[in-house]
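In the two assemblies presented below, subunit A is common to both, partnered first by subunit B and then by subunit C.
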Partner chain A sequence: MKQRLHPFTALTAAASAAVVTTAAAYWPLSVAVALAAVFLAVRREVAGRVLPAAAVILTPLCLSLLVLHGLFFPEGQTVLAQWGPARVTAEGLGFALELGTRTTACVLAFLLFSFTVSVPDLVSALAGRRVPPQFGFVLASTLTLLPAVSVRLDRIRQAQETRGMVVRRGLVSRLGALRLQMVPLVLALIDDAGSRAQALDARGFGSPGPRTTYREVADPPAQRRFRAAALVFAAAAVAGRIVASWPAGVPS
Partner chain B sequence: MTATTRTALQIRVEAFTFHGETTPVLSGAAISATPGSLTAVLGGSGSGKSTLGKLMAGWLQTGHAGQFRGSLELDGTLLEFRGAPDDPRINPAEWSRRVAFVPQDASAMLSSVRATVAEELAFGLENRATPREDMLSAVERTAARTGLSDLLDRDPATLSGGELRRLAVGCAVIAEPDVLILDEPLASLDAAGAAQLEDLVRSLRGSGTGIVLLSQAADRLAREATHWTILDGRTVTAAGAPAQLAGSAELERAGVIGVGGPGVLGPRAIAPSVAIGSSVAAGVRGPGPVPVAAPGPGSASLELRGVGFGYGQDPRRRGAPVLARVLRDVDFAVHPGEIIAVTGPNGAGKSTLLRHFNGLLRPTEGDVRVCGRSIAGVPVGTVAASMGLLFQHPRDQLFERTVLREAAFGLGQLFGKAEAEGKARAALAAVGLSGTEAAHPAELSASQQRLLALATVLAREPAVLALDEPTVGLDRHGLEALQTAVVRAAARGAAVVIVTHDLSYARLNAHRVLELTGGRLSEI
Partner chain C sequence: MSQSALTVTAPGQAAGRRRRLLEIAGAAAIAATYIFLVLTQPADIANGPASFSALVALGGFLLGAVLLIVAVLPVLPTSTVVLIPVALVLNVVLGQLMGSTGLPFYIDAIGTVLIAVLAGPAAGAATGALSSIVWSFFNPTVLPFAAGAALIGFLAGMAARGGLFRRFYFAPIAGFVTGILAGVVSAPIAAFVFGGTSGLGTGAIVSAFRAMGDTLLAAITKQALISDPMDKAIVFTIAALLAYALPRRTTFQFPFVRHYRVLAGKSPATPDA
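So, the complex of A and B:
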């Protein structure tokens, strides 16, 4: 089996990248981080899921940044074009670019983490750090619920199509079909949740007290050192940023 | 711990009523389990078996889930319940160390957040802070006992039905309880899976575990029991030694399915005008199977020509291996009025074959023809006009507010509004659901839900009726209704394909039995 990154190492890397990028506020660095995230996503074969998810989050965000700062940037001096109150200024565009690339880098880094992390490893690592197991369970369920729901919906759709339901193009037909699928889906999910809760109780999940973990997640010393270094680097970047942008007039 | 020092569990139910309901779901019942014994609780669908099992196992929290009057006795400690707020509270985690329960739906037993079988087995031990070395040995021991040793690294989500059931039992027995309660443990298992589970039960009994079996079939496992209790209409109607009760009127009335020796099931009551076999019981191998007139020549209602299929690469996981071919060069035809059974072990691809009939899956080679026309490129919902397909899980198909609306859904387009309700009522009557028209589908018992799903298919009067494991979960009343409906459909000229893992049922109820092995169909 390929040596996996400890979940905390991946999480630290993603978080540090986000912090450093934000602190640096230097768009070429943001672009480099974003490109690195895309490169890693391609290498880990998750680009097909990371990129669409990123697009869903980032497209409206970047568009709104462009509209907001590109057109209405009060501090803008270099006017490139003007329509009434809307002025396209070089400063505004620069600011939008800065903010857009920075957000893109952060979003990509965290998406890469969430699509590559092994959820069981993460839950087990959290349990090892005395995080309440309920937290780990909720986290794991959130990540496993969506695939489970989509499998279930697919089965319901098949069963219903088999009863002669033809879903036509068009919103009304699709919404009608969705309504019919929601009833069995919700009933099944409630039913599942009820019986699973009873089983979890019986297996001691709700009991207070200490726990042990069966799964061992390898945490080599090199990764620990990397995490420490990344955290120090991120802290240094933040400190550097604070010093650099200390209000003028205060002697540094 | 030796068998002689093991505790016995006793339950006495005066009445248990769910919150918000007025009539008790269970009353007048008493069961006990002693070390190494096997006690069978037999009853039809909706008789209250699962409620009894969950009460014994502490899964139904009194006061929380409903009102319980009665008592539970474990290891000499008597807990009395009066349906009052100061009733004793059971800690399910502590109770389950002594009394474990495996629900009918084995997957409900699993935490669903563990990545491997070994971790799932260890889940209960982790929560009890068992040291890791002890967990490792307990997992190894339990896996050997339940036949899971080769599967410890598998993802629980990829297990077959039989493997999943053994995992659920493993999760229950890893804490070495004194009593194990099994709810329908053999449902939907093929012969090999059932045999493994029976062996497991014997070995657990051998080591002193008392077993309580909840079942709607007086099957081979139930016949090994030391004591039978018959539940009917939510109360105990008879209790005693199996020899006394086999063939009794109480067993007959309760709708329990019999297997094997004559007399276990007792006399049958099928409408004589439609009776075709001597027996309708799943698994009964009786004399004189299906003497219905063989269908004449003519064009096939359903025809598969050289159909081949393999699940391709998963598009989301590049680099994943291409899975093995499920179907190879399948040629097969069903004619009007013909009943064909397709059998094969769990995982042979029977459901995959069925999904080709209406285009839910499309063949990689060959052609599927319904009523003489190829269905290539025809939407599933359109093929459904001639092809009625019933899936394994009725819940996935039901979505309406009442039973009648459910059966009538979409009939208006097929037959016109005036006739739709009549057709729906007739279909409900055909499966024995007359009188339940106003009920909500979710209120019906599991057996009745399955029959309702069947009625929704029958009401459309399709030319081909394809049923996926229709016998699973049906009690004897349900089986009789299924039988009647299938024979009637064939009599009006429908071609019927029944997919089942139950070879004896297939032999008894079909004109031809085909077996699917290695992706090929052959007549047996």
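So, the complex of A and C:
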């Protein structure tokens, strides 16, 4: 992986991995995909960011799945333990394991993509396709606006504190402090957006027609072939799953 | 102010019919997916983790959201497009600020509703769907809920068009109804894709319904009917308060606000231009 991947190649790989994992519904495969994603994250030196982000998302979800299906699974037959209405069943634990590993694999695959992709590359790759140019703008603008807003919010808080805003205990005081920070933030952002719209319009942002870009993203034929193969593989997995478990009551 | 850039999308454009078809196709994909999922939900999830339903839910809802974005995004005026990143940032930042007050709600749609109030249902729907897609860069579990977020934005815009934001007591009611619909539409995603809800509070409610013998979809739908309407009522109220806290000059520069008299009160004496 010396060479930088084309953004679409990485995206296709992540999406195909997620689709195949979902279609297969086989927890050893989910675990394998998750481990592969962790391994690639370590090799690309983003594990320090991917793993905490994944943990924040996955820990509450997996705990909730474990409690929900581990204790309450009315469809379960094999009862392992029972306290009043709560029954630990083998089927429930298996279900929690299947869904927990599946979601873990999908989340890790997508986070690996989003933490390794270069946003300028992605935006210029999108501009080359028939994607509305506004989409690329929204994506890039949001990703650059987020850090700027936290700086701005900090400044607004400091300004209000010098004007005497004190956050005391109690809901009313907290909501009042919230109002003092939210209103200036929203007003400033909307006002900025207005002037940005004029600047963009002056540069022909709203006019129809194809866009060109100064940034060339290399797209080697090998990566194109890989994308096609990954898409065919994912489609085959979906088709296989649909054929295997088409619901009985629906005419096919 | 360049008023031309702020006008409501002019109807009767050349590609207008194609876009209208795409919009209808997107809405139909979302509705058909929901109906299909409810009709064919696996009676016995013990047989496997509902992989077929998960694929149908993901495919159908994402297709609907993407069709809506493709239909709506190119016709939005620039002044609305630049508001979409603002809305997404507000969803995130205001959600975090609200979290700091210690209230037990995940208030993550304030920006979407605010944009819908200022710029209309189409902008609201596009904002909701795009928010989910862009936010999935940091949290991929948001992505499957794009259709629900689009529905929230659309309904908020329709409520604003109908004048429900002119009286402060109508806004929470509109939010309550929106929450019912959005919660019901999002429940199959939570049930079939994730197998539950993230968060221990909502998980406990689902567990209670499961203990009474409900199917997973029924339990999660009932949980959504308990938490989502309350959550959206609060979100709509905050968005209304924000819309009124903003200066008249700012809110009335949006043609949607002027044209449908979204907010109470007179427009500023002479809107410039």
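Assume the second predicted complex is superposed on the first by the 197 of 252 C-alpha atoms of A that agree within 3 Å, B and C clash if a C-alpha of one lies under 4 Å from a C-alpha of the other, contacts with A are read in each partner's own complex, and residues count from 1 in each chain.
Keep this in mind: contacts are C-beta pairs under 8 Å (C-beta built on N, C-alpha and C of every residue); 3 or more make two chains touch, one makes a residue touch a chain.
Keep in mind it's a predicted model, so treat the numbers as computed, not measured.
Chemist: A:Leu80 in the overlay: touching subunit B, subunit C, both, or neither? Say first, second, both or neither.
Modeler: After superposition on chain A, A:Leu80 lies in contact with neither partner.
Chemist: Using the superposition on chain A described above, determine whether A:Met165 touches subunit B (first), subunit C (second), both, or neither.
Modeler: first
Chemist: A:Tyr214 contacts which: subunit B (first), subunit C (second), both, neither?
Modeler: In the superposition, A:Tyr214 touches subunit B alone.
Chemist: Could you say whether A:Glu45 touches subunit B, subunit C, both of them, or neither, answering first, second, both or neither?
Modeler: first
Chemist: Taking the superposition as given, does A:Arg241 touch the first partner, subunit B, the second, subunit C, both, or neither?
Modeler: second
Chemist: Just subunit B (first), just subunit C (second), both, or neither: which does A:Val232 touch?
Modeler: After superposition on chain A, A:Val232 lies in contact with neither partner.
Chemist: Just to be sure I read the superposition right, which of the two partners does A:Ala55 touch: subunit B = first, subunit C = second, or both, or neither?
Modeler: The answer is neither, since A:Ala55 touches no partner chain.
Chemist: Once the two complexes are aligned on chain A, which partner has more residues of subunit A within touching range, subunit B or subunit C?
Modeler: The partner with more contacted residues on subunit A is C.
Chemist: Once the structures are superposed on A, label A:Ile156 by its partner contacts, choosing first (subunit B), second (subunit C), both or neither.
Modeler: In the superposition, A:Ile156 touches subunit B alone.
Chemist: Using the touch definition from the top, say if A:Phe110 reaches subunit B (first), subunit C (second), both or neither.
Modeler: Second partner only.
Chemist: Mind sorting out which residues of subunit A both subunit B and subunit C touch, each in its own complex?
Modeler: 137, 141, 181, 183, 187, 192, 196, 198, 200-201, 205-206
Chemist: Show which residues of subunit A lie in contact with subunit B when the two form their complex.
Modeler: Residues of subunit A touching subunit B: 45, 48-49, 118-120, 123, 127, 133, 136-137, 140-141, 144, 148, 152, 155-156, 158-167, 180-181, 183-184, 187-188, 192, 195-196, 198-207, 209-215.
Chemist: Flag every residue of subunit A that touches subunit C in the complex, lowest number first.
Modeler: Residues 19, 22-25, 53, 57, 60-61, 63-65, 67-69, 71-77, 85-86, 91, 95-96, 98-100, 102-103, 106-107, 110-111, 114, 132, 134-135, 137-139, 141-143, 145-146, 149-150, 153, 171, 174-175, 178-179, 181-183, 185-187, 189-194, 196-198, 200-201, 205-206, 208, 238, 241-242, 244-247, 249-250.
Chemist: Taking the complex as given, what residues does subunit B use to touch subunit A?
Modeler: Residues of subunit B touching subunit A: 54, 57-60, 91-93, 95-96, 100-101, 103, 105, 108-116, 118-119, 122-132, 135-136, 139, 171, 316-319, 355, 358, 360, 379-382, 384-385, 387-389, 391, 393, 395-400, 409-410, 414, 442, 456-457, 460.
Chemist: What residues of subunit C sit close enough to touch subunit A in their complex?
Modeler: It is residues 1-2, 5, 39-40, 42, 44-46, 48-49, 51-52, 54-55, 58-59, 69-70, 73-74, 76-79, 81-86, 88-90, 92-94, 97-98, 100-102, 114, 118, 130, 134, 136-141, 143, 193-200, 202-204, 206-207, 210-211, 213-214, 241-242, 245-247, 250, 253 of subunit C that touch subunit A.
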